[in-house]
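Structures incoming, each one as structure tokens.
Both complexes shown next keep chain A, but they swap its partner, so chain B is in the first and chain C is in the second.
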Partner chain A sequence: MSRSDSISRDDLTRLLDVLGRDMRIAGPVKEGRTVDYGISSPDGLLMDDSVSYKSPKEFYFPQAERLMAFGGGTAEEEPASEPFLIFGVRPCDLEGLRILREIFLSGGYSDPFFRRRMENNFIIGLGCVERKEGCFCDKLGIDMRFSDFCDIMLEPDGESYHVEHLSGRGRAALAAVPQTAGVSCGVGRAATAPPPALYLDENADEQRLFGVIDWEEAAFPCRGCGICTFICPTCHCFEFKDSGRDGVISRYRCWDSCMYPRFTLHASGHNPRSARHERYRQRVLHKYLYVRKNTGYTACVGCGRCVRHCPAGMNIKDVAESVMEASR
Partner chain B sequence: MKDNPYLPVRARIEKIIQETCSPELDVKTYCLKLADGGEMNFLPGQFLELSLPGVGECPFGFSSSPLGRERFQLTVKRTGKVTGMMHSLREGDHVWVRGPFGNSFPLEKMEGSNLLFIAGGLGLAPLRPFILYALDASNRSKYGAVDMLLAARTGGDHCFTYEYDEWRNKGNVTIRLTIDKQEPGWKGLVGFPHDLVRDLALDLDALYAILCGPPIMIKAAQRSLMEMGLPADRIYTTLEMRMTCGVGKCGKCNIGRRYVCVDGPVFRMSDLSEMPAEY
Partner chain C sequence: MSFETQQKELRDLCAALLRDGAVESVIGFGERSDSCCVCPPIAAKREKDAGKLAWNSRCVPNLAPYLPLRGKTAIVAKPCDARAVVNLIVERQIPRESVRIIGMDCAGMTGADGNPLRACAECGERRAPVADDIIANEISSRRELEDTRGEYSAKRFKDEMKKCILCFSCRQACYGCYCQTCFADRVLPNWQPAEPGFGAKMTYHLGRAMHLAGRCVECGACENACASGVDVRYIIRGVTEFIEKEYGFRAGIDIEASPVMQSCSMDDRNVGFWGGDERE
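Then we have the complex of A and B:
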């Protein structure tokens, strides 16, 4: 039986139909044998409990995006892209976006491209029903059923969804659709999860953590392919690339990876992180210690993607746990 | 620029000075002026990002005096794609720049002290704004003795040699030049800064040391200075890293919790010694 703060799947589709008139809709879709984020009509979206291969970070920080064109006298900034409605974002990924917002918008400089997308995109979150293989969001203090970092949050409840609006835009969107206008949202739901069990002391000495475990052994299986950084919801390193077309030279921002040796290579040939285990250590400690020291957030949300998809079977949870144990 | 730190502006190359010209070390200094007539207000130690459209963008420390804001200089060694193309440009050509970025040397904190500059090769370039600032008539009385130990691989590899006499004439300035191996006609010192610094008569209680050079030189020279008794909080250096964005986002210059492009490039050795040695 449907509760007053519930909407049916059919009504949810109608809501998406209406919102889709003003925004492109992206969400989990079937691509071959995998599930990934894609542009889709509302009836093509997957509404089950499956988790996408990549994170939704590309709707805020695309894998490659044009930043500007070199004009005759001035650099011409790329205009804001059309907003997306992103459907079905899991609580871990919503927390990942919260961390990316902190990184891109704070620290003295605010990234205008990320900021505009934060302002313009519309997110509908979707709580998980079951924990998947490799997932460990609970260890990071994340409630797999709920996050408030979105406009509307849905929690599966049998054949319908418990719905909560978490922004003025979210409330207005629900009110504008006849089928959902009457839904009384249970405003005030907070995430409920035990405090994080997996974290490093933010006062930990950086140099000391270089020695508390054998990083060479920990990183031994790593092939340095960097797939973990590409599918990660919080990895955000980038490089600029220039490309010309029709006589206009544009500058693009492209994802880069701390797992690649060229990432830190100096022009002189000197490389501060020339060994693979040094680069792996950078990835783990950047997530679990450095970002935490700077922002208070652990930059891992336990989504499990890097655990599920690493071709060498690396497990960041196990490594972070061993660092935590050894540094006590 | 204010709202979008990634957008560069055009600058005109007013003058090019060939500093050194061996096959291994081809260095030119570029005197630049913003095309819109604006000023580049930078502090000694800061850097900018220079773009050649279609080729790429690289960080360069300012190498000129911060007191002359209408024009500024960058000193560039021909090394890779951007610097290679840069070396083919001529006076009157344009480049694109954005900045200044990063922190600066603590000029006021060092007032009243003697200054020792140790530079290896092109490491003198990012120290030169501080040297020119401290030696300027309006500031000279604020600092005591200024000693320089300037190292290069060979006798022809020192930069800004055309200025040394002028620097010496500012009073209480000593410049010592050294090269790696003796060569015919060389009248300066021979050897590495970390050895030679031990021979200098320095008043360690009234001294700040400022170092820049290859990472191996920085590490060795600071070890010598500390063994001589100079406290780590009186030794400063400026680091080179692959700084793509300049605004602490891209992750390339990350060392521990710090980003060289915003928390540096100038570091006090006492802070640097707490950081992982990933530089």
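Then we have the complex of A and C:
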């Protein structure tokens, strides 16, 4: 076999077959009228340019995750679940995972549940061929074809894929399969994108941003449904729920959404963000200002999911741009 | 007649209404920000804002949930929006005199792919049943209505539930879900287990379907809002068809009607817990 930095679709399927012996494979699959991340055999995975309506964050931060169980005087941490091989993760979503890692694992507290998923899961990234409607990753400094935040990165090139390993595990995986062992990669491809054009000054005064645009008017269409937060690759707010059965209490960590009025409801009955536009403002400023103040990252990767799926036609890019312009 | 001529007529009418002070604001559709987006609802408050009102095949959202606004409000209403407004009036949620219904003759809306939305493909309503103004459009090519109902079975219900992620977007988009605290959000009693499993989904969807008995106007806002592609409307339609069959009632058609599940008549057939006629 001649050395090349490309593999065919058949070789890729073979690679997935071999890796699938030790890990459950998840990737974009067709579910009725939508594309979602699902558990699938390699043949069932979509290897084209279609994008799932949800982000892959659920494999790191599940919608409802049992953390521990207690009862009868004992408490037990939930054991680690079998790792996933996540196929076909887009560069925007990979950058989203990078931001989640920063949020969950850096600072004063490192989340053990997120950390073990980060350590155990294996990611194969897949570059986009075309920009989809509603996408704006270019405005956030993200290369739609490449990200190094994965184990193996594939860039579609006609019927084959340019392949790059970006971790020791990625390199070992490629070497373990005869069809991909001869591939020359690791030539050090790096993401190339112009610097972010859409960002807020991290020293901006929050109180001032509350007044630079008419938030009530900007948020008028919002129904507070929260679908934007569920499908977002970087939204990460959660709540805890306990549920008991047969004397055993299970503690779950569940996705929550700043778009819900109960999100900030105090036990006293007071709600600091009682109006819908205040909750929408929180979502925009959390992404573009607060996470940036805390970690240096803008917590939006321009994947366009919230733009495509908003039932009220709202566009966070336009709102963030108007805040950026008005705050200059 | 086309969307463009209707849009011009709509803008002229709304400019006049706002200029003369006949209404304080107009709830309508704004221009969409991207080709994949639906037209976002806007509130036009000044005469010049009337020029921002859009009318095209992507005016998808139901505008009735945006009522009430302060003062008399005009609402740009597709037939389904108008039915929703009528049912809000019937249920005493808004006073009749607070709203001016601008009925838009409608041939159905489309998805981002240009195909008719499922609810629209099955809808035969072309004109608002109750309206204060009509922006007419001769809809000549009367399409054959599609029937995508399919079977009602436990398997299909379970398959649909697999897709649901319990985000409650369908509820938020629904004009009829105006409870201050939804039963699904209640803490005492807590109807929702922590895991978003089949039980939690069934409780929510069947509970919601029952709460919408005789109130659903088939606008499809629930299924249009669902990013997961769940046939939310099909779950409720069984209930809607039952109400129509047993009580001859369709929500939002008659502004003088009493809400069907809140009233009783000596002529009502007993279809309650005992299995109705089968008992005798």
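Observations on the model:
Here, the second predicted complex is superposed on the first by the 321 of 328 C-alpha atoms of A that agree within 3 Å, B and C clash if a C-alpha of one lies under 4 Å from a C-alpha of the other, contacts with A are read in each partner's own complex, and residues count from 1 in each chain.
Going forward, a contact is a pair of C-beta atoms (placed from the backbone, for glycine too) under 8 Å apart; a residue touches a chain by one contact, two chains touch by 3 or more.
Just so you know, these numbers come straight off a predicted model, no measurement behind them.
The superposition on chain A brings chain B alongside chain C with room for both. Shared-chain residue A:C310: touches chain C; no touch with chain B.
Seen from the CA centre of chain A, chain B and chain C lie at an angle of 90° in the overlaid model, rounded to the nearest 10.
In the overlay built on the shared chain, the residue A:D242 is in contact with chain B and with chain C. Once the two complexes are overlaid on the shared chain, A:C254 sits against chain C while remaining clear of chain B. Of the two partner chains, chain C is the only one touched by A:A64; chain B is not. For the overlaid pair of complexes, the smallest distance between C-alpha atoms of chain B and those of chain C rounds to 8 Å.
Counting contacts as defined above, chain A residues 241-243 meet chain B in one complex and chain C in the other.
Residue ranges of chain B in contact with chain A, taken from their complex: 3-10, 35, 51, 53-58, 79-80, 83, 96, 214-215, 240-242, 244-245, 247-252, 254-257, 262, 274-276, 278-279. Those residues of chain A lying in contact with chain C across their complex are 31-34, 36, 53-54, 63-64, 132-134, 220-221, 223-227, 230-231, 241-243, 250, 252, 254, 257, 262, 304-305, 307-315, 317-318.
The touching residues of chain C, counted against chain A in their complex, run 30, 32-43, 58, 60-61, 65-66, 112, 163, 165, 167-169, 171-173, 185, 193-196, 221, 224-225, 227-229. Those residues of chain A that touch chain B in the shared complex are 67-68, 70, 73-75, 77, 103-104, 107-109, 111-112, 205-207, 210, 236-244, 249, 251, 253, 256, 258, 263-268, 270, 272-273, 278, 282, 286, 289-290, 293-294.
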